[in-house]
Structure formats: C-alpha cells, structure tokens
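In the two complexes below, subunit A is the common chain; its partner is subunit B in one and subunit C in the other.
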Partner chain A sequence: MSSAPRTLPWGAPAAFAALALLPLAPFMSKYYLLLAFDALVFGAIAMSLDLLMGYTGLVSFGHAAFYGLGAYAAAVLLERGVLSLWACLGFALVVVGVYAFVVAYFATTRRGIYFALLTLIFAEVVYTFFRYTQTFGGSDGIQGLPEAMLLPGVPIDTPIKKYYLVLAYLIFGYVVCRLVVASHFGRVLVAIRENEDRARFLGYNVPRYKMGACMISALLTGLGGALYAIRASYATPDLMLWTESGEFIISVMIGGLGTLAGPIVGGVFFTLLRDKVSSYVDWYFIVIGLVLVAIVLFMPRGLVGLRSAFRLRT
Partner chain B sequence: MDYLVATLLPQLLHGLVFGAALGLLALGLTVIFGLLGVMNFAHGELYMLGAYAGIALISVTHSFWIALVLAPLAVGVVGAITEVATLRPIYRREPLYGLILTFGLALVFREGARQIWGGDMRRIATPVRGSTPLLGMTYPNYRLFLLAISTVLLLAIWLFFTKTRAGVVVRAAVQDAQMLDALGVNVPRVFTLTFAGSAALAALAGLLLAPIFTVYPQMGVEMILLAFIVVILGGMGSMGGSVVAAFAIGIAQSLLTLWLNPQRVAIAIFAIMIFVLIVRPRGFFGREGVLE
Partner chain C sequence: MSGEVVLEVDFVSRSFGALTALSKVDFTVRGGQVFSVIGPNGAGKSTLFNVISGLHAPTSGRVRFRGGDLTGLTPEAISRLGIAKTFQITNVFPKISAFENVRVAAQSRARVSGRLSSLWRSPDVEREVMELLSAFGLESRRDELAENLSHGEQRYLEICLALATDPTLLLLDEPTAGMTPGETKAATTLIRRIAGDRGLTLLLIEHDMSVVMGISDRIAVLHFGEKIAEGAPDEIRNDPAVIEAYLGGAED
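Our next item is the complex of A and B:
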C-alpha cells in the first residue's frame, strides 16, 4: 500500500513534454531560461529529499552538504581542465557517495529530531571546512569555471542547452524516485515511516533500508549540485549553508510530503517566488517566512496535497 | 605557573562567563522543547531581537540598566503574541511542523531586524567599566558582572521551578499537559506565558552579551546552533542538564581556542556533538526514549 496519491499515468509525461516545449515560448529570454534551470534543479532536489521526508519519515537538515559537495566536485574537475560532463557527474557521485555513506551510516541509527540534528551537524562540519580553509578558495569558492563538454567538441554553452540538460536530469531523477517508490524497497520505506518497530519485527533490516534511501536521495542531490556548478560556473560555500537545507525542506512542505510531484512544484514555486518578490522588494525573506508559516497553519498537506484532499471529497 | 595565570585562568573565566550566558539561552529552548515538543528555530532571533531592542531603548533612555529591564519585557510580549498566533494552532501536530514554522518565523524576524536597524555591525558601550585584580591577573568588571548576574538568574530560575506554585505548574505541564488540563489548569495560558518567559530570557542573554560581542541581524544563527548542541548534550527537556552542558561547552570552547584556530574549534565542538548523538543521544541527564 503506497500512501502516495497516484497521479494519472499520462500526467507526468504530459508535464515533462510541456517543460520540453517551454523554451519555444516567445517570452523565454536567456534570463528566464536560467531561472527555469534553477527552478527545476531546486524542484528535483526537493523531490529527492521527499524520498527521505515523505516516504521514509526522516527529515534531513543536511542536504545542502550533498548539494554543495556535488558542486565542488564538478568545479574542481572543470578548474583543472577536465571538461567532460560525464567525468564531472561521475566524480560528484563518488565524492557525495563517500560522504553520504558516512553520514547515513551514523545518522540512520537515530530517528526523528536526532536524525535531523545529526545531518545538520555533519553538514556544518563540511561547510566550516570549505568556508574557512583556503584549500578550495575559502569564502570565495571556485569561480570562473570553463564550460563543460557534453561530448568532445560539444560544449554546453547556451542557456537552452543547459535547460535541456537539467530537464533530462529532472526526468531521470523522477523515474528513479518513481521506480524506488513502486518497488518492494519503497514499500518497506513506507512501512518504516508508519511503524519502525513493526517493520523490524517483520524481519526487515531497518537501518539498511534507511541507509539505502539516504544514499539514493543524497546522490540525486549531488548530481543537482554538479549541474548547478556547470550552469553557474562557480561553487561557493554558501551552497552548503544550513539555511539552504532549510529551503529544500520548505520546498518539500510547500509541494506536499510524500507525493514526489509535489516537491517539484514546491521547488519551482519557491524559486519563482524568491525571484519575483526579490525583484520588487528587498525584504523578500519576510514574504517567504510568512508563506511558510501560512502553509504550516492553513495547508499542511501542501499544494499537491491540497489537490488530492479536494479530489477525495468529490 | 605564569602560563597558568596569564593564559589558562582568563580563558577559563571567559568560558564560565560565556557558559552562563549560553545557559540562559539554552534554558528557554529546553523548557519550550519539553513543553511544546518544538525545537524553536526562532530562539536565536529572539536573542538577536533582545540586543536590538536594547540598542533602541538605550538611545531613548540613555541607560543600559533601564534597557536591561525593558528589552526582555518587550521581546517577551513579541513571544507571547507569536505563540498565540502561530504555535497554538499546531500543538497537536507532528514536531516537524513546529520546526518548519519556527524556521519561517526566524526568517521573518531576521529580515525584519535588517529592515528596521540595517545590516551593519553594531556595538553597545560597556556599561560597567574598569577591571579588577583577581588571582594575580586583571579581569574586566563587565565580564565579572555578567557572570554574577547570569548565575543569580540561573539560581532564580531554579528556585522558580522548585519553590513556586507557578513553576510547579509548568513542570507538571511538561510531564503531562492533558492531566493538568483535567485538573482545571488553563494549559494554553501556561504555554503562552512560558513561551513569553523563554523569549524574555533569550532577549536578556542577547542584551547581556551585546557589549562583548557585536550586534547584527544574523547573530542568532550562530548562537542557535550552539544552543541546540547544549540542549542535546544536556538531554532534551532536562533543565539542569542544559545548564551543566552550557558551562561545559562554554569552557571547552574557550580552552580549545588556546590551541586551535576558531574554525577548528567549531569543528571540534561539532565532533563532540556527533559523538554524543551517536553514543548517548539522550545526553547527560535526558530521559531515555524522548523522541528517539
């Protein structure tokens, strides 16, 4: 029994097809293409966090570290002249994988608020290291990276190529998450969320399952970070600040826990909100904070959760 | 011996002073946690608001001492309003929602302070000047005053919780709010007043530390992580544990700065925290199984 409201089978392909056609729209300037890139990366990361929050019941306050490490991994290779996209992504997977394995190994022995705090503190260690030692550029990070190459001689240099790159990543992430959720493994995660002790009594190796969920979520997030470094041509320690992790959680909550599609919507909504509000007023954090408070108070199931609640009633 | 007096002793005293102030901050956090089950992410911002309210009041009244009384009261009122408007409706929800709600409140407070007072670093002139010869060294009077007032306050809070009826009611609410409700106590009011009190304590800590540290809108962000560490180390919901842990962290931090640079100290403190969370998540004095 998956508790996720099942979206109609054609819903996701239709949404992705619409996203693929988006650059054809006349209003999509270079600026909006890059904004769309940011929105989709944010959405994809929120979705991979949802695998932990919504399905396994673990709130990670340390996803910024996976994101930032992915970005730094790509940046370090690009800086040294290794321009292949695939090398950057592969290296990001290795770096994030090693770190995530350590974090997941220790953090999954705890649950609830202790899990949240363990992931937070681990991420703070990484942040402090990158921010205050000069090995990777200190507070400036690594700046001015060259463009990555999709294939030798095919640079990813225009906003439109970058946009399709992130769209491919989003679809890949969505398919992975859907497959995980629909699999036996995914069902066990939901069982752990609902009643961890009972899942243990049924003979499931609960820590192993939690670690698996952590690793999948972290690796997807690390890929997003690597893509962000390729798009922005920099990696800075601010990417791993704990408030960034908070913003991922916010996106999941805005969209709706345990829906996968919801957090994508939430991440996109959050990115657009931040961009739009900040272009009018410089106190946009107040608006974002109030939106967050309002969501917790009035629509705790999020944007997509709201829709499915409505559907149940009719 | 010279080393002891010249370096070790002042550093130890620094640690005690900082630990005492940190204790005030963490105490509010742990009481709120025990009572509402909420890890209050906005606690650091209440601490920050205390310092700014102090600056505003000092510019009006020209007295640090009047500000020291009025600023915590003002922030306490802000806390009470916040509690009634936002936290009260979500008492029965999962702790996760409280975490996210207070994260949002923290954003609002931080940006609000930046809008009102600007993003610059500010300082408060030390209200107690001079220094006193002590054990073969001289130590600033203000820090001695800070240590004294924090200790008195911590004692007063302890007496409040053990000797007064109101204190016993709060402890009873931590233990079993439903039972207390059945006994005819207005539990929501207890919650609101306790939240206001915890906000006032945070504000007090903010204003007391302002003459030593600098005041800026993000000042709460760094302190809140340290306060979380203290609360966990002491054991979630254990007030005595929080005070002990605050002194332990304060002293550990200032002694470590003798041998390590500040960021290594931060990492060392994080490492202690990770170790405690893994080996003994309930901390020094926490009850077993609380939210584990």
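Our next item is the complex of A and C:
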C-alpha cells in the first residue's frame, strides 16, 4: 500500500476516455456540448475545492471570487485584443494568485467558521467592487468578447473545441489534485484535517501547509473561471456571487467529501439537474433543494461515497 | 551526551489570571536521565509541560534546552529542536491508519518537509515506521484506523508518534493513563527499555507514585504549583512533605 508506485485508479482514465468520446453521441447538439462544458467546469472547481474541504478540513465560502477573478482576467485581455488562450490563462493565474495569497494569508490563521467567514468576506468585497463600480462594466460586466486563440490562427470558436478545452482542463486538474493528495504535502494536509494541534507538535508549520492548499485550490478554480469567460464570451459579477460559492460547496457534499472524483460527479450532477429542472418549472430551486436534501439524508457519504478517502490510498 | 544538562527549567512561573498554576519551579534534567514530575491532580504538572513544549509562554522564568532558550518559541519550532511530547488524553490522527499516523510524524523530519518539493517527493521512512510499530507490538495493526485501536494500543501509538520525530528529550504526560495495573507495568518497562536503547532523555509526568518509583532516576514533586521536593526515588518516598501532600492535602 504505502510503497506501491503512485498510480491513478483505472476508473479515472476510463471515465476521461468516455468523456472524450461523448461528442460523438448523436444527441450531443451544440446546446448539450455547452451544457457539458458548464458541467465539467463546475465539477473541476468542486474537485479543487475538495482539496480544501475534504483533505485539509477547511470550508471556503469564497471560491466564487477565485472563479470570477479568473473570468475577468481572461475577459480583460480578450476585450483588449489579446486573444491567446495561454496569455489569458497565465494572466488569470497571476490575478487569482495574488488575490488568493492575500486571502489565504489572513484566513489560514483562523480555524473553522472563522476561516469560512474570512473567505466569504473577502469574496463579497471583490463582488461589490465589480458589481457596484463601473471599473469593469458594473452589473453588465464585460460582454461580447472575441474568440480566444489556441495558437495564432487557430480560434477556439466551436462548441466542440470548447468542450475539448474544458476536458483537457479537467484532466489536468485531476492529475494535479491526485498527485498533491498522494504526496507528502497531501498527507500532512490530511493530518491537519484530522488533528491540527498534533500536527503542530510534530513540527509542522500548519498555516504554511494550509496556505499551500488554498493556493493550489484557488489557482485551479481561477483557470476554470478563465475558461468560462472564453466559452461564454462574457464575464459578469454574478460569477462571484456568494451563492456560486455555496453551489460549489453543495457539489462537493453531494459528490462525496475527500474523494476528488466525487465532487466532479457532484458538480456535473448539480449542473445537469439545474438545467433540466429549470427548463420545466420556474420554481426549480425547490426541486433541486428537495433532491439535495434527499441525497444528504440517504447518502451521507455522497454519490461516490467515502470508499477510499480516509484510507488514503496511494 | 550522557550527564550533560539537557533541560533547564529556571524559576518558571505561569499564571492564568489570578490563578498561579506554577510558581518558581526550578530543576535540571541531564542527558539519559529518566526524570519524573509527580504531584496530586491540579499540582501544575500539565501546565509545566505546556510551558516546556511551547503551548504557553511562562509568566516569568526561562526554559533552556541544550543551552538554547525556548522561551517564546512555538510548539512546532520546539518540536524541531528535538523535544517531543505525548498527550495525557490520546491525541492521534483518528481516521488514518496506524502506519500513516507514524509515517506523517516521521516525515516531519525529512529534508523536503515544509518545502515546495514536498508536493512531488515523498520521503521514504517506511523502515523506521515499521521498527517503531514493531517495538510497541503494533505491526499487525498497521493498516487499522487509529480510532479502531484499543485504548492501550492508542497509548502506544501516541508514544510512537512522538518517537518518530527522533527527539532528544521526550515529554511523557501520564503515558499509562487509563491502563490496568498489569498494562501499566508492561508499558513502563517497555518505555524505559526503548528510551535506553535510543539514548533518550525522559521527562515523565505522573500522579500515580507507584509508576514512577521503579523507573525514575530522579523525581521532583509539585504541589499547588510549587516544587516541594526533589531527589532520588528513595528520598522522595520518605520525604515528610511529600507524604503530607499526597495523604494530607490530596482532598483540597
């Protein structure tokens, strides 16, 4: 167990292969491709939040700010005619990284509910700035962005290209998270989750490890935000609303805390459920709420379950 | 290093508001010694450990470890200097295996620990971990979650965690708390032997005098935060102030 080489569980490559083949399915219209994009972005972000919630024991109520800042970073560049995908992603990493560093620096000195509150407060400040000043378009945000370019002359202009872009992001994020969780660093995170004081008495600088986890999680989330702006051709302050953070948390919970794969499933499930129900009824949030309550009551370990999380397989 | 001064507790006082938990406590622990601090409940023993291990700063006085001042250092910094502590109430990582518990403790001393490279390198400490588990008879329980171990096994795991950080000085806070008399005897013998094998210096807290008499080189007695006696076990056993504290003053 412990000395075995790090291997990805075989299920993951199979699932990613299935996702890669998904656009071939006859029902995959343009609409469903974009819905699949949204679902996978949501799943990937829930997964990166799981690094904090499931492995480090920290609940962030401010992931929407990382998401929204990533989106705005990409939008600002696209708006100014910088169309390179890589420039957009790089700029999003810088912007989100600087912001996340400040948030993590202050929030990781506090535990439990105070950590959650600090992340929420920082995120609300960011939201308020984008929503109520005209610096970046106020409530309209930045609209009508041009298509980003994968390489000069290769625009990402069709739903299918966007779909494969987000799939690549999801796989990248998954591999990063798996490696982190299997690393020495990841084991210390679990130790901190299990017993923060004891970890200190073993000589671990707990705030530093928490900051590391926050940064990795925030940067992955920021990348997702940048990709969303590229897919949707806009960035609006609604992306940073605290309800968005709440939906990330819900996705982690319904998918299965501390499993990485679970929150992906949870994020996808949540996005599809919202889309389906809202196409039939206006009061869709009541239906979603009931489904979520049922999951929490009858599947307390989430859709995927705790199967292996606390065993820390390598 | 046997015989040289390892720990100096230099007139340490600690108050919590109006309550004086420790008052000018003063003693010296030498290399290789088993030094015990005993006293009735509420005598200030755990506060003393919390001061030495960095959880509380002393109100006055100093603590020195191998000549260096510990005052004001954090628990993690003190741990890194080579002082490990076990807890009176079992304090392990409940939802990971016994092996993982000890491994994360052992890896805290690896060079990559706390560095960026800990993200992709995992120090190999398996041999040390298995040696420790075997020494305490836990090798067959390695894959069991810590919370599923018996009380006695958890007490041993607690000591394994501390030893895995490769300390010079081991602080044991009532290591046999909650054990039966039979287990207590086996445990004290085992602790003494392992400390001897590893050349450790032990500072032991106990309220049960019978536990420390057999294994200690030197004993200090605390009572209401003050040191009322210090000496070899035989001296302590016959000290009238100690007898008074244990028999006469125990109920207040």
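Descriptive notes on the structure:
Just so it is clear, the second predicted complex is superposed on the first by the 297 of 314 C-alpha atoms of A that agree within 3 Å, B and C clash if a C-alpha of one lies under 4 Å from a C-alpha of the other, contacts with A are read in each partner's own complex, and residues count from 1 in each chain.
The definition used in the following text is that a contact is a pair of C-beta atoms (placed from the backbone, for glycine too) under 8 Å apart; a residue touches a chain by one contact, two chains touch by 3 or more.
Just so we're clear, the structure is a prediction, and the values are computed from it rather than from any experiment.
On the superposed subunit A, the two partners subunit B and subunit C both fit, without a clash. Judged by the touch definition given at the top, the superposed model places A:283 against subunit B, while subunit C stays out of reach.
When the two structures are aligned on the shared chain, A:59 is found in touch with subunit B, with no touch to subunit C. When both complexes are overlaid on chain A, the residue A:183 reaches subunit C alone and has no touch with subunit B. Once the two complexes are overlaid on the shared chain, A:204 sits against subunit C while remaining clear of subunit B.
Once the two complexes are laid on top of each other via chain A, the angle at subunit A between subunit B and subunit C, using C-alpha centres, comes to 80°, given in steps of 10. Of the two partner chains placed by the overlay, only subunit B lies in contact with A:296; subunit C stays clear of it. Greater residue coverage of subunit A by touch, when subunit B is weighed against subunit C, goes to B. Superposition on the common chain places the nearest Cα atoms of subunit B and subunit C 13 Å from each other.
The residues of subunit B lying in touch with subunit A in their complex are 39, 86, 89-90, 93, 95-97, 99-101, 103-108, 110-112, 114-115, 221, 225, 228-229, 232, 236, 262-263, 266-267, 270-271, 273-274, 277-278, 281, 291-292. Residues of subunit A touching subunit C in their complex: 1-3, 179-180, 182-185, 187-188, 190-191, 194-195, 197-206, 208, 212, 310-312. Across the complex, subunit B is touched by residues 59, 106, 109-114, 116-118, 120-122, 124-125, 128-129, 131-133, 242-243, 246, 249-250, 253, 283-286, 288-293, 296-297, 300 of subunit A. Those residues of subunit C that touch subunit A in the shared complex are 53, 74-76, 79-80, 84-85, 87, 91-97, 99-100, 103-105, 107-110, 112-114, 118-124, 126, 143, 145, 161, 164-165.
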